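Handing you this structure, nothing more for now.
Chain nomenclature is as follows: A, B, C and D, assigned in order of appearance, with residue numbering initiated at 1 for each chain independently.
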Amino acid sequence: MTEPGYIFSEDFSVRDYECDIQGIVNNANYQHYLEHARHEFLISRGVSFARLHEEGTDLIVTRVEIDYKYPLRSGDKFVVSLHIRRQGNVRLVFVQDIFRKPDRKHIVHAEVTGIVTKKGKPVSPVHVAEKLGLEQEINRNRLK
Amino acid sequence: MTEPGYIFSEDFSVRDYECDIQGIVNNANYQHYLEHARHEFLISRGVSFARLHEEGTDLIVTRVEIDYKYPLRSGDKFVVSLHIRRQGNVRLVFVQDIFRKPDRKHIVHAEVTGIVTKKGKPVSPVHVAEKLGLEQEINRNRLK
Amino acid sequence: MTEPGYIFSEDFSVRDYECDIQGIVNNANYQHYLEHARHEFLISRGVSFARLHEEGTDLIVTRVEIDYKYPLRSGDKFVVSLHIRRQGNVRLVFVQDIFRKPDRKHIVHAEVTGIVTKKGKPVSPVHVAEKLGLEQEINRNRLK
Amino acid sequence: MTEPGYIFSEDFSVRDYECDIQGIVNNANYQHYLEHARHEFLISRGVSFARLHEEGTDLIVTRVEIDYKYPLRSGDKFVVSLHIRRQGNVRLVFVQDIFRKPDRKHIVHAEVTGIVTKKGKPVSPVHVAEKLGLEQEINRNRLK
């Protein structure tokens, strides 16, 4: 279920192979969770990352900022929630949070900046945003 | 070979399983490269991440910022270089760059903030820094 | 839902980072799916792989045989089903199949052989099998 | 350096993110090592897995058998060695061994069966074998 303020949420369980010697989820795996949640969000809006790529359109991550607040462990369940805003003319920012379930412990806060490219050239994200039904959303939250 | 300004460098080759549908290295894998370079740096100074953990001391990443400037592809070779600075009383920041070889194309710039914990409690990083022969280094570059 | 002949099934979705340049799930990732299904099976019987490890008991895979029949692609959903048999005195074999959903296309057949160790020494799997409620099961299917 | 009986060897170091809660390399990662060694072997013969794919030719793994003899741990160095034989008309088998360094402890024995496909249809592996300079080799070791 999607929390207020977020436009999409995806549930996960920690898989043991994602945990490292310290018994906690390895840092890079949170990026996998964040990415999978973004791609499932696209699918929920009828857009497939793989099909976009076949059509020559790619969503490229240009920057990630991840704050690791508390580690996930073997057996934990969690939710990845997201919303999105536009930054300047070409960038989209996915704001993503990971919460442990059921206690809502805040695990990760991340901001993932991306651009849309067509045959390798950056293009306006408006066309993709329309496909996602997000045109109003990304303009309302636009940062210059 | 370590470049001027960096205190350690580690060479890598892209492995095909690290590449995704777009034919480029998946974003999360750069964190693996960055982590492996940090751990090899520790080993080069006689400190093992795994042994530290067995002794109850952990190096915990609390924040990463990664700028993705240009993608690596199947067959690429690259180097991960790093230096380190202290931030405030308890944080260490690893500043890490990835360059493609041999053309020195700048692939990734990352800043990885960590703390040292002993039995789960944050402690001063000075003891670990001494083990690494970095006491002067981290104080010279200290940010308040 | 568990199919007839299997004692446990776990549902999955392909995550795009698991796909490679060929646009299909990388071979090693099927081992991750198989392992996660085994660990979820343990949890469904009240046994945690991580907790067993903390108590000095490990389940060690000694051999895998995997037949790759058809590839999974981005967007595919699938189920991993398993049953278990005993082999000789010390070995357990997890027989595992992966089927695409909803068309039941057979993707992978795997046989994963493991042993139980206590503080690093192989021990009879009977104690773990009892915890799993599988004592009759593993003896009925026993292979010499 | 390549051992007698093998036609190619590739050196590796364990990366800590490849180790799991048990402090040993997770089983699926050995498949990554085996795959990377095969692809580096192709490159050593002037053949790129990624370029083959772009040309419509794929090397598809249809079966793996892996015997896990002894685990690798954090800090271990190791070598993956391979040779190749033909099986029937369409299959190639990569026989691969992993040895810890420098003590040559035998870690893994694997047999990885593959086929060559062109636009998705299985074809004779002879054309690829010629590119690899292996035509005599694969026929000498041919199994019916």
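The criterion applied here is as follows: a contact is a pair of C-beta atoms (placed from the backbone, for glycine too) under 8 Å apart; a residue touches a chain by one contact, two chains touch by 3 or more.
Remember, predicted model here, so these are calculated numbers, not experimental data.
A.B. asks: Farthest chain from chain C, going by the mean of C-alpha atoms per chain?
C.D. replies: B
A.B. asks: If I rank B-C and B-D by number of C-beta contact pairs, which comes first?
C.D. replies: The greater number of contacts lies at B-D.
A.B. asks: Counting in whole Å, what is the centre-to-centre distance of chain B and chain D, each centre being its mean C-alpha position?
C.D. replies: Measuring from centre to centre gives 30 Å for this pair.
A.B. asks: Between chain B and chain C, what is the gap in Å from one C-alpha centre to the other?
C.D. replies: Chain centroid spacing, chain B to chain C, equals 35 Å.
A.B. asks: Would you give the residues of chain C that are in contact with at least 2 other chains, written as numbers and ranges?
C.D. replies: Residues 16-17, 19, 21, 23, 26, 28, 32, 35, 49-50, 74 of chain C touch two or more partner chains.
A.B. asks: Given the complex with chain B, which residues does chain A contribute to the contact?
C.D. replies: Spelled out, the residues of chain A in touch with chain B are 21-22, 26-29, 31-32, 35, 49-50, 53, 58, 60-68.
A.B. asks: Name, in rising order, each residue of chain D that touches chain A in their complex.
C.D. replies: Residues in contact with chain A: 16-17, 19-21, 23, 26, 28, 74.
A.B. asks: Which stretch or stretches of chain C touch chain A in the complex?
C.D. replies: 13, 15-17, 19, 23, 32, 35-36, 39-40, 43, 48-50, 73-75
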